[in-house]
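The following pair of complexes shares a single chain, chain A, combined with chain B in the former and chain C in the latter.
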Partner chain A sequence: MTPTRLHIFRVISISTICVLLLASLALSQDEATPTTNLSTEIDTVIIEVAAPTSLIATDHKYDNGERINLQWVPSIDDLPGISTVVGYRIYRQDDGGAAEAIADLPAKANHYRDENTELGHTYIYSVAALTDGAEFVSNPTESISPEREWIDFSKRYLFLIALIVGGAVIYFIEIARRGKKLFVRKIAGLEAVDDAVGRATEMGRPILFIPGIQDMDDVQTLAGLTILGRISKTIADYDTEIFMPVSRSLVMTAGREIIKSSYQTAGRPDKYSDDMVTYITDEQFGYVAAVDGIMVREKPATIFLLGAFFAESLILAETGNYIGAIQIAGTARPAQLPFFIAACDFTLIGEELFAASAYLSGEPKQLGSLKGQDVGKAIAMVILVIGALATTIGTAWNIASMNSLVDILKTIFSTS
Partner chain B sequence: MKRQIPLFITFFVGTLLIFSVFIPPMETWGENFTLFFDIIAVFAFFLGAGNLVRVHVGKLKKRKADWGFSIVTLIGFGFMLFVGLLKIGNPGGIAADVTAPGSWFQEMFNYVINPLQSTMYALLAFFVASASYRAFRAKNREATILLIAAFVILLGRTPLGMLLTAWIPDSLSFFQIPNMAVWIMNSFNLAGQRAILIGISLGVVAMSLRLILGVERTYLGGDDNG
Partner chain C sequence: MKKTTFILMAIVSALFLLSWILKAGSLSGETDNYILQGFLVTFSAFLTLSVLSFLYADNPLYKFAEHLFVGVSAAFWMCMGFWTTIVQNLIPRLSDGLSKFFEQQPQPGDYNFFFFIPVILGIMLLMRLSPKGGWISRWPLAFIIGTTAGLNFVRYLRSDFIKQISNTFVPLLGTEWQGIGHFFSNLDLSASGQLVAIAANWVIFLGVFCGLIYFYFSKEHKGAFGAASKVGIWVLMLTFGASFGYTVMGRISLLVGRITFLFRDWLEIIS
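What follows is the complex of A and B.
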């Protein structure tokens, strides 16, 4: 190959390589460009929606200065079914600082309660309507500071009712202290306590006391233990054996103290043993299995089920029924009462559980509290009759005054 | 003094918590006192666990009846305590949550305790059947009414109730068994339950006042007038 030909060949080769390189570069750019363009198009397509309007921030009434209520009119584009608004975001400026998002709410929301405000701080709020990828912020509120109220006047009727019922209880306790005899109706379940203890004594079998499965912070457990205090005195007098399996440690210590002091009062401290009250387990059905086992093995003549019971009520009561024990039960859980009524010999229904200790003590001041309770019941009955009549007449004949009376009663007795 | 201090604490805390309902700055006090209770209850748990071990060890030593069950109880108690405290098998190690998935403690709970509890709960169905059989006997007028009401509700809650009375025209739909069941539940049952609840609420008020004022002292043990 001559030098001239060689030069021409080199030029052609280099040119070809350059063309190929340029072509491949162009091709690679062509492949990348459509994606980039498409992505840009998607990012930049923003559907505009109207921002929420009429945003108002108000101090929450009757609190400790920890709450501010917000209310707004949702975006006019927040329509049912075809809404492009996916939700709302609440922004808050604390003491003139930067706006911070404090909550996200679903579409159609029109109010929010900020429960994390602090006394002495000033806040400015705004609400943004959210779409896919954009926010449309409302005008901010006026600056607002939460205020503390010292008395919750929204509970004035509750206070009044508590005052009347509590006052009646205290009044009758005082009347009874002065020696006035008060009549209290007979409660069959409590009249049977002595017989039930006597039966166990005669049969030479133990008494089983089950105080429910709740702890000492439940008033039903306390009621059950106060009854235990009365019953254990009779048991100590009769020198009968008592066994109390519990599912809470604190109930165990309280139960031991009560039974121990009853044995001391009866002059038989030597007969008392810590083994009379035994902790089983906190687990509901583990406790039930253990107590059922005790029932079947020991065959107690008498069983007391007094306290807070749940699903285990019928399992325990039916096992007691199966072994032929006389059973006295009581709870303040309405859902469990039918089970006890079906399976036990005597049932203390709701309030009777709380009245039992006072009833068994026979002390005038304790019985006085029951009379005070009756005043509350009488008031409730009168209000119920008035309310039922007013609702019936108001609805049937559309009498405005009756409907107003119903509204007033609802305001007074509503707890919400 | 042994009784005066608890009585004073009961009066002081009880009164304070009544007022906390009506005074907003005190509204969280109730929750705080509940936390105090929880802390005390945790410490008291040691007493319960100690008692459990003491009772079952005593049973074993004296070879009391059914002492074999005590072995099972003590092994179960010891094993759960061991795997729980040392977090055996816990994927996150000793610092992780004791109930983390995969930990032996959680596995024991899922595959032993839970099935056992479910088994006990399942017994309820049979007990309901036996209790219902006794309760719904038409012994007298009240029991007969109860039986009829129970029958209507039972049928009304099953497809059979709808099937039996589907032919009744809409104008007389009240007489369709499901509607009658709803009526019994919403009228008689609800009224009865509310009456009981009102009584319970008033009973709680009276009982609480007796405790706060120190009129009721039996729960403290000892002489009533002490």
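What follows is the complex of A and C.
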């Protein structure tokens, strides 16, 4: 090849390569540009969906005028799997003011409860179906004002049951006051109380009373302190020493009042001392450590564990067992009862703890109360049998009247 | 102090110091404040062993741990009670000036005149410190006990009475009863089978019914009533037995946690 031809060949080759490069570059740009334009177009497209319909606002029944319930039919485009509706937004106009968004809900939502309304205000609501970038608002509701109801009729059956049980209690108190002797069966743990106090007196050793670790707002603590009133009278009569370490300041105050009153009733006010009831600490295991120490050092002959107990129950009962004290325990906490049963001489199980004060005192008021509660239990047993039989027959043989009876019973004995 | 006690205390103190030095040495490459960390780990182990020593007998080490625990926790709860209840909850609702004094941020709408009632009740409770005004403290106590009894009456009536009754409306022939012939021809003894479902419902029904009879105080437990009462107490005892085993397992896990601390964090025997 001559130099001239070689030069021409080189020029053509380089030009061809340059053209090819430019062409490929141009092609690549041509491919990219439409995509960008397409995506821009998609971003700006608004997909229309149907707004929610049939929006209804109703006052929430039996409240203080602070709730309004909303219900609607979701957008027909809010379909499972392919829905373009991402959620719903609730708008509220307060006394004719501007509409404000008050809540965002997920897709498929069909109800909402506005719990921030005020009595005397008027509200108008609307619901918007939300898509990516747009809202489709429903027709607004009629204006609505929340109303206050003075009586919560949803609890009428609870009231009725309370009335029956309460009425039975009052009736039996009145019967007992008139002098009629009310029978209460023997409760083994309580029969032993006087013996336990007597044992401590004979041995010349103190009695330890532990009222649990809960405060005065626990009914078990109250039950324990009520029994303390009866026990401390016997203790004052026998002139025995009692010691009551507590973990709550209010229990300390109440305990002192009860023991002081018992000593006064027994005619020995001079024997009472505030040191009989001592605050230790609110900390659960700090209290346990201190009471365990008191047990092994003072070696009480009798220990009463009556009240609400938690994880400390076994530690206390086991230490009492170890020092050889006679122990009478009682609690209504099912998880702690096994430990008391294992480590104590006598255990008052649940209801027996609450019956104890009536049993021990024999006072008409308390005995009447116990009898009234028994009426409640008797009613419960009858209802149990009727309910279980009706459920069984209704389920097995599909008898409509039995199923209706079960529904009625479930409505009456509903906790909601 | 007895000579043996003195010697024991000296040995324990020497061991404590030795442990502290060794622990601080082992932590020196890991943290800057290794002396403090070494002390804290050693002191935690010392307190753990002191409390565990009660298993043998009451002793000065246990007494030390007990008194330290009681003292620290009593002070802690007093401070917590003052700062969380009075300072954080009460003062912002009563006075802006007091809120500023205690560096609390009063929230809008916090002020509530009704919170003067607990203040007055609290002051009345403190009156028991006065020799002549001690009787005044009985009024707030009566208020607390009365409201507790009233509020709990409704709560327990609902949870322990009504709910128990409605939950015992169970089908005593199971939910798939199609006649005695069908039952025996398709007898299924598996856990999800009909026989087990029927047995479970009978246990619930009889357990609740006989349990109620046990707690019925107005009739002597004799004859059929006494037999049902015995079934009730058997159901209770079986439940307590299961509960005992379950809780003991939980307690053992707590013991394992302490042992792990001693052997891993303190002695570094296990990893």
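Brief remarks on what is shown
Just so it is clear, the second predicted complex is superposed on the first by the 322 of 416 C-alpha atoms of A that agree within 3 Å, B and C clash if a C-alpha of one lies under 4 Å from a C-alpha of the other, contacts with A are read in each partner's own complex, and residues count from 1 in each chain.
To be clear about the criterion, a residue touches a chain if its C-beta (ideal position, glycine included) is under 8 Å from a C-beta of that chain, and two chains touch if they have at least 3 such contacts.
All values derive from a computational prediction rather than experimental measurement.
Residue contacts after overlaying the shared chain place A:E149 against chain B, while chain C stays out of touching range. Once the two complexes are laid over each other on the shared chain, residue contacts for A:P300 go to neither chain B nor chain C. Of the two partner chains placed by the overlay, only chain B lies in contact with A:S357; chain C stays clear of it. Legend: residue contacts after superposition of the two complexes on their common chain; A:D217 is shown touching both chain B and chain C. After overlaying the two complexes on the shared chain, residue contacts for A:E283 are found with chain B and with chain C alike.
In the superposition on chain A, A:F183 makes contact with chain C only, not with chain B.
Within the superposed three-chain model, A:P334 lies in touch with chain B and with chain C [touch as defined at top].
Looking at the shared chain after the overlay, A:L409 reaches chain C, while chain B stays out of its contact range.
Legend: residue contacts after superposition of the two complexes on their common chain; A:G372 is shown touching chain B, with no touch to chain C.
Contacts of chain A with chain B, set against its contacts with chain C after fitting on chain A, overlap at residues 158, 162, 165, 216-217, 219, 222, 250, 253-254, 257, 279-283, 285-286, 289, 293, 297, 311, 314, 334, 337-339, 341-342, 349-352, 355, 370, 376-377, 380.
Contact residues on chain C toward chain A in their complex (touch as defined above): 51, 54, 57-58, 62-63, 65-66, 69-70, 72-74, 76-77, 81, 125, 128, 137-138, 141, 144-145, 148-149, 152-154, 156-159, 161-166, 168-175, 177, 205, 208-209, 212-213, 215-221, 236-237, 239-241, 243-244, 247, 251.
Those residues of chain B lying in contact with chain A across their complex are 18, 21-25, 27-28, 34, 37, 40-41, 44-49, 51-52, 55, 65-66, 69, 113, 116-117, 120-121, 123-124, 127-128, 130-132, 134-135, 193, 196-200, 202-211, 213, 215-216, 218-224. The touching residues of chain A, counted against chain C in their complex, run 158, 161-162, 165, 182-185, 187, 216-219, 222, 250, 253-254, 257, 279-283, 285-287, 289-290, 292-293, 296-297, 311, 314, 334-335, 337-339, 341-342, 349-352, 355, 359, 370-371, 374, 376-378, 380-381, 383-385, 387-392, 394-396, 406, 409-410, 413-415. Of all the residues in chain A, the ones that touch chain B in their complex are 62-64, 148-152, 155, 158-159, 162, 165-166, 169-170, 173, 215-217, 219, 222-223, 225-226, 228-230, 248-250, 252-254, 257-258, 260-262, 264-265, 274-275, 278-286, 288-289, 293, 297, 311, 314-315, 317-318, 321, 332, 334, 337-339, 341-343, 349-355, 357-358, 361, 363, 365-366, 369-370, 372-373, 376-377, 380.
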